[in-house]
Structures are given as structure tokens and as C-alpha cells.
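Two complexes, one shared chain (chain A), two partners (chain B, chain C).
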Partner chain A sequence: MRNYYVALGIQTIKEAMAYRLNFILSFLVVIIPLAGQLLLSKYIYSMGYQIGSWQLNQLLAYYLIATIASEFFSIGTWWDIGNDIKNGGLSSHLVKPYSYYWHNFSVYYTLRVVSISFALMVAYIAYVVISGSLIPHIQANSILQFLILALITAPLSFLITYSLSILAFFFTDIGFIMKLLGILLPFASGNILPLDIFPTPIRVVLVKLPSAYLVYHPSCIMSGVYNWNEFVQLVGEALLWLLLFLFIVRWLWSKGRRSYEAIG
Partner chain B sequence: MKRYIQYYYMVNLLGFKRMTYYTKSFIMELIADLINIVVALLFYHILYLNVGKGLGIPIEDLFILVLSVKLTGDLYNMLFGNGVHSFAGHIQYGSLDNILIKPMNLFFLLYCSSLNWKCLINLAIDSILFVILLTRYSVTVNAISIFNYMIVIGLATIVFTAFNILIYLGSIIFVRLDAFASLISSFFSLSTYPAVIFKTTYLRWFFTYIIPVIVIGNFPLLALKGGQSLRIYPAVVLCAVFFTAIAYLATMKMLKHYKSASS
Partner chain C sequence: MEIDQAIELQSLYKNYRVKTSVSLFKPSFKDIAAIRGISFIHDTRQNLGVFGKNGAGKTTLIKMLTGILHPSSGFINVMGYTPYNLKPEFKSKIALFQGGKQNLVWDIPAIQSLELSRYIFGYSKQDFNHRLSSFAEALDLGDELNQPPRNMSLGQRSKMELIYSFIHLPKVVFLDEPTSGLDIITRSKFRDFINFCHTEYGICFVITSHNIKDITDCCKSCIVLEQGQIIYQGDKDFLLEKHQHEIITLRADSDCAAIEISNLYGGKVNGTQVTIESLGSNSNALICKIVSQYLIKDFKVAKKDDEEIIAEILNNA
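Up next is the complex of A and B:
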């Protein structure tokens, strides 16, 4: 069965490459909002002000990592799943000897891995142009912490995406969820501003939401903000979210399967 | 002219009926738009709490900037957005024939004939937010500055529309235009930033005359505030005329390459 998922991954890359220009342009899209954030930050610091406790270099690195993290750990509704459920295409998957969950996981993360390599290049170029520094200030410890957390947040982001997508079992149109997420997520995840500069009542809620474990905390880790004690606590909390969404996905899937009528 | 008005009325009456049929979707989209503007205002509010004057211009000006961008966007979406955005679909599926055979002006049929009713509500919300903003921060405005503001917003909408037409005309060349359109549109995410962040003259020139980001938000703000803003009027008129002429000529020229066979 492992061969099937590998072959599926290769096929996904080929499919994406059929529309090469479209694929490459879609990565460049991340650079423009990032450039806006970097330019605004540079302007504020050039006026002699400081955002929260962030040094300029630290903040620029934060935005760089946040852009990459939000690309890799992005959540939303996965069009393929919604479409399968809505149009009855799910039946053809259910009769085959593989897990529908892992099938989509393979496709989803193959595209993410390809996109992250481009996003890394694009974000790095933006960083060098705006900051004038070739090497972001990142410590080896931070990279290790980031990789450990990524082992939890990667499946967590897919579980959230999967659970939102299978809502198509219960609602005719889930496009609204995607639109709402597109508006709220960059803000709530710390993509456009670090969450620690938010007013306290908003901050205490947002830093504990799963969205923060996908962008804000990984970006803080890479900026060297957390010591190991804080990091262990963070990992524990992320694991709790992972377990919760595992439960939610199982529950929604079994409930949805019962209501699915295979006629679209 | 009468024929055009009749056509416009009939098309949009049908659009209104369709909208009332999908009430739930309409309300959902309205909620999303409201959340969008709240988030945009909150962004500057939080930054202001942290850096105060470090943002370069007063907080009320930043809020006016954000609302101006939204107003321009809503005007564009209400009057032209439906037509412009459906252009790529017409090319991709070969359905442009239905429009080309009608004995009316193509530019009108393609871009100006379909009204988005939802944005009418958005415009009402924008107006209420403006009134709240002006009274809450005691912004001094007079009839002339409001008139100037409306003129500049109108011209900015024309510039924004013409620019979008140019983007979507690319669908005659590219099979998949979505990423290209997203890339160019992403530049307009910069329109809610104050122009002072573009420090070099070259950048300001680029974002005024090549990708008219500054025209959308910063120019209306300057018009409302008065003062040293006289320079903006020739620039905004020039942009409107230039982009509209290019969009018109490009549409007519590109349509000659249309082969009615879908992409």
C-alpha cells in the first residue's frame, strides 16, 4: 500500500507541473503581502519606534518564517474532498483498498512540500532585499525545536483541513468557510502581526487556539523566543489539539458516512 | 441609449431575483465582508497601540485609508466586478460567442452590464462606518473636501476597473489565469498601507503609474484631508484616462484573437 501513496505523490507532482507557469506564479503571490509587512516594519523602526519587544532583525525573521509556516501548515477546505462528497465521487474511493484519509494526506502534503521549496526561495529573496542581510538570525536550537513541533503541526493542520472539508457531508456549500478562514486566519494565526503585541484579552485567547500552533509559535521558535521548558509545554498543548482533532475527524467521518447517499 | 438602459434594467432585475433566491449565501458573504473590514481596522488599531505616531500618519487617517480602499473595492465589485471576473470563464469555455453576436457595444456588454446587488449593502455599511469614524475622531471635513473625495474615489474605481480588465484579458493568452490574476491582485494588498512606507521616488512612481496601488487608497485620503493634495488631481485623472484607454484598446485588439473554441 505504501507504493500506492508514493506513486500518488509522484503523479500529483506531474499534474502540478502540467501547469508550470500557474504553479510558479502562485508561489510569488506570497511575496507581495510579505514585502508590505517588511516595508511597514522598517518604516516604523526607522522612525525610532519598536513593535512590542521585537528587535527589527528578529521581527523581519519572524515575518519570513510566518510566511513560510502559513504556506506549509495552511488550513482551509480541501476542494477535492468537498467535491468528492458533493458530486458522489467519494464512492469510487470507498470501494478501493486504501484509506481515503491517507490518500488525501499524500496529495495534500506532496503539493505542500513542492510549494514550500518555492516559498522558501521567494521569502528568502524578499528578506534579503528588505533587510539587506544575507543570513537570518536563526540558532541551531531553534531549528531543532521547529522540526519537533512540525511533526505535530503538520498532521494537525491536515486534520483541521480534513475536518472542515468533510463538513460537505452536512452542508451544500462550504465555500463560505474558506472565505471566512481566508480573512480570519492570517490575523488569528499571527501571520500579519505577532500575537504577543495584541491587547491582553485577545492575546490570551488567540495564543491558545490551534491556529497559533501553526504560524505564531513556530515563528517565535525560529526567532529564538522560547526556552526548552516553554517549548515542552507548547508541544504538550499542540499534542492535545492533535488528539482533539483526531477525535473530531473520526466522529465527523463516521457520522458523515452514514448520511452519505452516493448520488451527489 | 434607451436600448442599453432596457437591457441593463432587465439583466439586473434577473440578478436581483437570483440574489433573493440565495438569501443564505448573500447573508454569509455579507458577514464575511464585515469581518474583513473589522480585521483590517483592528490591524492598525493594534499597531497604533504599540507604536503610536510611529505609523507616520494619525490613526484616523489610517482608518480612512482602509475604508477608502474598501469603498473603491465595493464600487468596483458593484458596477464592474461581475463582468470583469467572468471574462476568463467566457474565454475558457468558449461562451463569449453569446456576447459577441449581440448588436451592442462589446465593452458595455462584457464589463458594465451586470450589477452586484450585494455590494449596494456594502456601500451602505461603508457610509455608516465613515460617519462613525468622522464623528468619533472629530475629523474636520467640509462639503468641498467630501466632493473632492467622491470624485477621487470615482476615478480610483475607474483606474482599478481598467487595471483588472487588463489582467483578465490575459486569459486569451494563458490557459490558467488564476495564479497570474492572484499575483497582480496581491499588489493591491499594499493599498491599505500609507504611501510613506514607499521611501524612494521610484517606488512611489511605480505604485502610482504602473500598478496604481497608491491611487486606490492614499489619493482619496489626501483629497479628503485637503492641504498639499492639489498635485494628486492631475495624476489621478491621467491614470484614469490612460488605464481606461489601454483597457478599451486592448479588449478590442485581443478579441480579434478569440477563436471561439474555448482554451
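Up next is the complex of A and C:
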């Protein structure tokens, strides 16, 4: 069956290539907010101010990594799954001998890898032009820590997305979740501002939420903020979130499957 | 009949919970019974047709047989498996085709989507090519295989979907309204293809359709569903024969004779013309009897077609 998920990934790339305009637009989606954040940071620092304890170079690298991480580890409701459940498309998957979860995982991350590989290039060019530095302020240790954490955050971000999407078993329309996340997530994940600059009571909560493990912590790691002890604690907490969402997904799926009405 | 060749249902029920009023705090619901205690056993060496009006429970039945829906209560077993457990071995032995539903990727050549079946069900490229050429020939498909579905007609797309649904050669294929929306030529092609696959590959087809010929041309056994209950199960030919009416239209030499014939044998009179419905196929005997008593100038016998018979059965149910 593993061959199927690989073949599906290849087919997803071919399908994505049929929508070339999407790529061009995805560049804009990445580059416009990133350029805004980088230019604003440079302006603030040039006026003699500072954001939290962040040095300018660190902050620019933070924003570059946060943009890439939020592209790759983004969460939300996934239209494909919600639509399958709502309109009965799930039926044709249920009668095939593959896992609906892994089927979507394959499609989801193939699309992410395709879009991120283009976005990465564009984001890097924006970074070089605005920061005037060819190499971001990143240490080898940080790259290793980032890759280790990514092994947990990649499945975690999909588990969260999957659990939110299969809420379609219980609600007629899950569009409201996407709207809510669209407002809260950029703040809660650290995409707009590093979470450590928020007032203490808010910061304490935000840095422990799963959203922080998808953008804020990976970006901090790449900016060289954490030592190895702090990193190990971070990995432990991310693993706990992963286990919790594994349980949530299994529970929602088994409940939802029984109530699925297979419309159409 | 071995258990791995049987479809068996016992006292099967399926209720849907339907919202009857919209309220922010306390919406009300009621249960609607879609399937009400049906039981039957079917040998999967034969095809099975399911007749029924809209809302009779045909699609719900198919969805329970394929494991998509959980029954509310009762026993269900398909080839030794409980469908709703959705075991991979079970899913490898069945297929579902729903007319009008799209499973192929819209924007890439159909053959690339079809080839995914090989990875899902794990068979060789050689088998894939052999089956594809055999299916394509039976369905009159050629270059369309290399086109994306978005550039195909509905008929071509449906043929591709049909191939995709069972190119892995399962034991039982469930066809839910397979010819819905198709023209008469494509419908006929579909039926020929179903019969070809049944004979050539031994696939059992369970078919629900409002195009009666889909069932009468492809199935020997049938069940008739009405409001979630089975009102007939058995041989399709026997059902049709039992409800066959022959319509005798004859012209007597006078109005009086026509009225007399009508009074004696039952029927409708229109001038010298009498129309008599004869149950079964005993028209010959009846005509001989009338001709021996009256001077008959002309007569003709017409049989009801299958569609009219099924419509009558469903209307009278």
C-alpha cells in the first residue's frame, strides 16, 4: 500500500501542475506579507527602537523561517475532507482498501512540498534583498534542532487539520472554524510577532498551545534562541500534543463514522 | 451455498435522524426508517437487481452492503465479512459504482488515474494493461483514455469511472443507478459490458436502477423494495411472467356483440372495439373461445413491456 501513497503523491504533483496560475499567486501570498514584516522591522530598528530582546538580524531570520514554517505546518479545516464528508464523497474512499487518513496525508504534504519549494525561493530572494545578507543568521545546531522538531510538527499539524476537518461529521458547515482560525492563528502561532513580546499572562498560555509548536518554536530554534535542555523539553511537550491529537482524531473518526449519512 | 459466496441479511433496520426544526438552542429531530427489517440470502454467482421507487431504500441498502453505513440493527454478512468493519480484505473483494459520481482526477489524462488502481489493489502492470485493453474494447474506448475527464462527454466519463471502479476484478460490484443520465446507446453498451464482465470474469453485480432494462437484461434474480421492506424476492422472469398482462384488442361485427363480449369476458367497449386485459399468457385460449362464439372482424394481442409491469407492481405495492 505504501506504493499507492507514493503514486498518489506523484499524481498530486501532476494535478498541481495543471493549475500553474496557483503557483504564481502563491508567490504573492508569501512574498507580500513577508516583505511587509521585513521592511517594517528594518524601519523600527533604524529609528533606534527594538522589538523585545530580538536583534535585527535574528528578527529578520525569525520572520523568514516563520513564513516558511507557517506555509508548511499550517493548520485549518481542509476543504477536501470537509466536502467529502458533507457531500458523500467519503463513500468512494471508504470502499477502497487504503487508509483515508494516509491518503489525505500524502496529498496534503505533497501539495505543501510543491508549494513550499517555490515559496522558499521567493522568500529567500525577498530576505536577501531586504536584509542585505546572503546567509540568514542561522547556526548548524539550530538546523539540526529544527529538523528534529519538524519530524513531530509535520504530523502534528496534519493531525490538527484532520481533526478540525472531520468535525464535518457533526456540523453542517465547518467554514466558521476556518474563519476563526484565520483571525486567531497568525497571532497565536507567532507568525505576526514573536510570542515572547506579549504580556506575561498571554505569553505563558500562547507558547504552550499547539499552534506555537508549528511556527513560533521552530522559528526561535532557527534564530538560535534555545539551548539543548530547553529544546529537549520542547520536543517532549510537542510529543504530548501529538499523542493527544492522535487520540482526538481516533475518537472523532470512530464517532463520526457511525453518524456518517453518505448523502447522495 | 458457501458463506464466502453469499450475501445474507437478517432483520436489518436502518434509521436516519432528521432535523425537523431549526433552533439555536434546541432543534428537534425525528427518526425516519429507511430500511425496515429486511432479510434475504443471495448467491453471488448470480447477479441481483433491486427494484424500487425513489425513497424505497435501494441506495441505503447498497451503502450498508458496502459497509459505508452502519445498520441500526440486524445482521449483515457479505461473503463472510461484516461490511461496516471495513476490513481491507473485504474492500479488495468489492467495488462500488455510483452513476454521476466523479472519482477520477478532472485535469489529468484518465489513464493516469486508472493506473492508481494498480497501486491500491496491488496487481501487475501487465495485468493492468491486459484488463484495460479488454475493458476499453468492450466499451468502445480508444484515444479518450489519454484525455482528461474534463474534456470528455458524460458517456465517456461514465465509462472511465466504470472501468476505474472494478478494473481490479472484485468478486462483487455494486452498481447504484449506473446508467443515470446516459443516452440509449451508452446504456445498452453498459449493459453489454456488465454481462461481458459477469461471463468473462465471474463478477457478481448488484444493481439498482430506474432504467428497468439495466436489471432485466443483466440479472436473473431480483428483489423489489417498497418503503424499506422487501415485497418480492426471487426469479426475475417469474416476477415478470406472474404480472404479465396481454391486451387483446378485437373488433366485433356489431355494437351489441361488442357489449356482450365485454360483459362476458370483462373489458372496455368503444363502438365495435373491445379491449380485454388477460392475466398471464392465456390470450390464445381466450381468443379461440370468443371467435367460436362471435363473428370477429379483426384482433391483435399486445404484451406489456417489462417497464410497464414493474411500474404497475410498484404502483400497486
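Everything below uses one rule, namely that the second predicted complex is superposed on the first by the 263 of 264 C-alpha atoms of A that agree within 3 Å, B and C clash if a C-alpha of one lies under 4 Å from a C-alpha of the other, contacts with A are read in each partner's own complex, and residues count from 1 in each chain.
In the analysis below, contacts are C-beta pairs under 8 Å (C-beta built on N, C-alpha and C of every residue); 3 or more make two chains touch, one makes a residue touch a chain.
Owing to the predicted nature of the structure, the values given are computational and were not obtained by experimental measurement.
Within the superposed three-chain model, A:S92 lies in touch with chain C and out of touch with chain B [touch as defined at top]. Of the two partner chains placed around the shared chain by superposition, chain B is the only one that A:G48 touches, whereas chain C remains out of contact. One of chain B and chain C touches more residues of chain A, and that partner is B. When the two structures are aligned on the shared chain, A:V128 is found in touch with neither chain B nor chain C.
In the superposition on chain A, contact of A:I192 is made with chain B only, not with chain C.
Of the two partner chains, neither chain B nor chain C is touched by A:A154. By the touch criterion stated above, A:Q11 is placed in contact with chain C alone, chain B being left untouched.
Within chain A, the residues touching chain B in one complex and chain C in the other are 19.
Those residues of chain B lying in contact with chain A across their complex are 25, 28-29, 31-32, 35-36, 39, 42-43, 46-47, 49-56, 174-176, 178-180, 182-183, 186-187, 189-190, 193, 196-199. Here chain A touches chain C in the complex through residues 1, 3-4, 6-8, 11, 14-15, 18-19, 89, 91-92, 94-98, 257-258, 260-262, 264, going by the rule given at the top. Contacts from chain C toward chain A in the complex involve residues 16, 63, 66-70, 86, 88-89, 91-92, 94-96, 98, 101, 103, 105, 107-108, 112-113, 115-116, 119-122, 148. Those residues of chain A that touch chain B in the shared complex are 19, 21-26, 28-29, 32-33, 35-36, 39-40, 42-44, 47-52, 173, 176, 179-180, 183-184, 187, 192-193, 197-199.
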